[in-house]
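Below is one structure, written out as structure tokens; comments come after it.
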Amino acid sequence: MGIVLGANRYGKAETRVFRIVRDTDRHVVRDLNVSTSLSGDFAAAHVHGDQGQVLPTDTQKNTVFAFAKQVGIDEIEDFGLALARHFVDDVGPVTGADVRIEEYAWERIADHDHGFCKRGPDVRTARVVVSPDGTTVGGGIRDLVVLKSTGSEFAGFLVDGYTTLAPTHDRVLATSLTVQWTYAAGEGHDWGAAYDAVRRTLLDRFTRVHSLALQQSLWEMGRAVLETVPAIASIELVAPNIHHIAVDLEPFGLANDGEVFHVTDRPYGLIEVTVEREG
Amino acid sequence: MGIVLGANRYGKAETRVFRIVRDTDRHVVRDLNVSTSLSGDFAAAHVHGDQGQVLPTDTQKNTVFAFAKQVGIDEIEDFGLALARHFVDDVGPVTGADVRIEEYAWERIADHDHGFCKRGPDVRTARVVVSPDGTTVGGGIRDLVVLKSTGSEFAGFLVDGYTTLAPTHDRVLATSLTVQWTYAAGEGHDWGAAYDAVRRTLLDRFTRVHSLALQQSLWEMGRAVLETVPAIASIELVAPNIHHIAVDLEPFGLANDGEVFHVTDRPYGLIEVTVEREG
Amino acid sequence: MGIVLGANRYGKAETRVFRIVRDTDRHVVRDLNVSTSLSGDFAAAHVHGDQGQVLPTDTQKNTVFAFAKQVGIDEIEDFGLALARHFVDDVGPVTGADVRIEEYAWERIADHDHGFCKRGPDVRTARVVVSPDGTTVGGGIRDLVVLKSTGSEFAGFLVDGYTTLAPTHDRVLATSLTVQWTYAAGEGHDWGAAYDAVRRTLLDRFTRVHSLALQQSLWEMGRAVLETVPAIASIELVAPNIHHIAVDLEPFGLANDGEVFHVTDRPYGLIEVTVEREG
Amino acid sequence: MGIVLGANRYGKAETRVFRIVRDTDRHVVRDLNVSTSLSGDFAAAHVHGDQGQVLPTDTQKNTVFAFAKQVGIDEIEDFGLALARHFVDDVGPVTGADVRIEEYAWERIADHDHGFCKRGPDVRTARVVVSPDGTTVGGGIRDLVVLKSTGSEFAGFLVDGYTTLAPTHDRVLATSLTVQWTYAAGEGHDWGAAYDAVRRTLLDRFTRVHSLALQQSLWEMGRAVLETVPAIASIELVAPNIHHIAVDLEPFGLANDGEVFHVTDRPYGLIEVTVEREG
């Protein structure tokens, strides 16, 4: 039974490109972290060390910088599409490209023309995959940290011999969301408007849904996104449960009616849910 | 020549306490990271292993949680003062306490009563030191990331045999500020108003000062803070220079007139400046 | 077109369990980070908030601790198998379990019975997946950082209009390996011996292969592992290229014949290769 | 009351220089992270923006790379001395220099001539300070993670109204040491031999001392270092207490006689101790 090369790809990760649009005195800034990865028939590079078909990762980095000028950076989905298509269309051996982009938000300081302050912690993301099977475009957001100080329960759960958790009808619910969605085929979508709608809908549903479990909140959040943004085909939510443990203050003669909590780091619950359109 | 015990102290670092004020349906939340460190004559604990004078660090943690209920958390400077004084006044062997607090900001989601979203990346800090020499209270802010896309120069600098840097009259200036200030003696200061004024002044000066060097920006920022907030005796600014390097696009037949930059991680310039009142 | 629940799972991530085997004065210690994730029909929990079928993540954590005593921790693959099977076999609604384990290495200090020093940076990993389709066991290693100070080339590569990289016949090759392999079906494998053989083979091949590209090194490393360890069915290597850039010392009147390098953080090449058995 | 410039300094942090000594086929590699900071009268740079006295931080970086060739890198203390003296002696306005160096350890793979594997997690450090008051040289080690699975107690401690901790006569003691020592004046010390002796002594004392508290262990470790290495004037040990909490297994019908522990992240005890020579 022989040994063969399986799936493989290569690219340049985390090119940190900063773009100033300075056509007028009122500058616009775009701050990206771009990772590109190319696939194709690169067997010779692996098996024989022949690099004749391999476009250097250094060139991929250069391309990102050049495109920041040549193509410009408006919506990151479009920038990813331009890069991915270029690699597949213009570089002979390349048949597939996976481009991931993170965008860091800057807000104007007192509406100043060229002074900015970083806003976070949440980061907008995009992913474009071009392959022989077609093109998919995804949007996303990570590190969106949200919390409800009430309106969250966890009770009526399955109990086995290792269960010690007490049910509760009032707890703190907190998570740091990583959300990724896929757009329906076609590229005429208004990426920016969709992103804004998703972010707003996630926050709204997280807040307003009376939560019987983080699973339920995530389902309602994902469902509302699909209802609100027709261009989105499916959405995946990954949510660590940032446990806030009520501290027992009785030894100190104090009551703790949901007022004082210990925020823990590890371990943490981790819920992963995909919501999609039927069929 | 004998060997002796020198300076020593011990405490509990990074107690993550979360406090909900739920007197009405409109909850207020406070999210802190509290570190306490105690000093005194603890020679016996070190040299003889006798712990009779040592209040466990576990107790210090408990005290933080208990005080979150008993004293409550309003301004973090006051919470630090309550903790530091308690340890020095109420725990026999303790003669000094150093309490450091970080506060993470949460903002209401659509003005909701109990739904919140984390805001960053900047973090408010405080430090209270009680010692036999008296009490000092400090405020601070860290990870305040700011950027100017123009209005910054660096030229006319000293040149030696190892200098290759070209002078520039238009560059990107970016930094992640860690700022700590010390209040004048006395505790009747309005900590929250002072913090707001410092943050606002730092942003304003960073933006408006035409910068001939990061040093100059920092000096002007510090000076303005002291002018604006009489309660502050001195201020220290620590500022990594987040280098944005203009990318050479000529090999690709493109001009780069201050539009495309590579953001680098390391190495970075690091400027440290204290501004204080005379005498 | 309706909206439906897609793939979902939930679990407890990063339970940090430390186990001492103290049957004799010569203690053995095992230091693990265990993440469990369960799948099954949990639609009711999401859609109706009904937790009746949901074993709390807190219980999963408890189970890890209990099994550390009850089952004991010998090879992490066996510990993962015990946990995964328990969840699938003993917890009604659970039809699948994904258990990931990291093990941190401690070495005896001067062969002492109960004094240890942490050894790294590399970490041993394992992953056990039990599903309706069967059971797969994987081993792995991450953060294995290796470097060759010569014996590495990169030349003859594809050149396009964005290529500026010069070919080189002598460079530093450095990477931080994340490697994961899958065992052939069946569980009678000697996990520990296999792990040792993989680690030794990876280091040997990385060192001895004259590298014409990182791709080639990875292929040769993967191939040698499959040749050496029959129990392994396939192996995936993920390798960031930690670029060591030769510094231009000419401005200072100095030659740099491969002696002085700048180690960069970002961007970095990223090579991903799977090597597998035919058929 | 005027506002004045206080203490200030500036430099280049984290220059990552890698040096290969390739005089023979058996290469030697040195992997450093160098931070330099300069002081002097830089008031004009701050107050007037006049950079005429300011050697750019970029030049400081260049100097590190040039010295890696020109001076070479043997012991990091000597490399730091060469850099610090150069800045103070050769750069007019500079009157003080603070040079901090970290060195990452690489070990040969199977005694190979040019193949290496990174060893950690502990890192060797050095600090050289040249000022108008003279020169001080310090050595250090950070992230030296050690653990005793028995032979550690914590009992007989002070109890107040916030104390709930139970005394114990057998616990796990674990810490991640950051240790810094200062050499006696004079520079003829054998830095490498001293470093080896300190590391060995720290490990030996941590292991062999029956610990009544982390404080006591640290004192004994520091004392033994001063006894063993006459060239060292004082030593500071900073030790987070990595708490290993015995898990209560009774709910599951299991005993836990010091066998199963939960390793926690935060909060953690933090002990800081300096041991020095009398007078």
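The chains carry the letters A, B, C and D, assigned in the order they are written, with residues numbered from 1 in each.
Note that in this section contacts are C-beta pairs under 8 Å (C-beta built on N, C-alpha and C of every residue); 3 or more make two chains touch, one makes a residue touch a chain.
A quick note: this is a predicted structure, and the numbers were derived from the prediction, not measured.
Participant: For C-D, which listed pair, A-B, A-C or B-D, repeats its interface with over half of the contact pairs the same?
Facilitator: Comparing each option in A-B, A-C or B-D with C-D, the repeat is A-B.
Participant: Could you tell me which chain lies farthest from chain C when each chain's centre is the average position of its Cα atoms?
Facilitator: So the chain farthest away from chain C turns out to be B.
Participant: I'd like to verify one number: the distance from the centre of chain A to the centre of chain B, where each centre is the average of its C-alpha atoms, in whole angstrom.
Facilitator: The separation of the two C-alpha centroids amounts to 29 Å.
Participant: Centroid of chain A to centroid of chain C, CA atoms only: how many Å?
Facilitator: 23
Participant: List the centre-to-centre spacing of chain A and chain D in whole Å, with centres computed as mean CA coordinates.
Facilitator: Chain centres of chain A and chain D, defined by C-alpha means, are spaced 37 Å apart.
Participant: Can you list every residue of chain C that touches 2 or more other chains, as numbers and ranges?
Facilitator: If we look for residues of chain C contacting two or more partner chains, we find 15-16, 62, 66, 162, 164, 251-252, 265-266.
Participant: Applying the document's contact rule, which stretches of chain D touch chain B when the two form their complex?
Facilitator: Its residues touching chain B are 1-16, 35, 37, 42, 45-59, 61-63, 66, 90-93, 154-160, 162-165, 211-213, 215-216, 218-219, 223, 226-227, 234, 236, 240-241, 266-279.
Participant: Could you please specify the touching residues of chain D with respect to chain C in the complex?
Facilitator: 15-22, 27, 29, 31, 62, 65-66, 68-70, 106, 109-110, 112, 114-121, 144-151, 172, 203-204, 206-208, 244, 247, 249, 251-252, 254-265
Participant: In the complex formed with chain D, which residues of chain A make contact?
Facilitator: 161-162, 164, 251-252, 265-266
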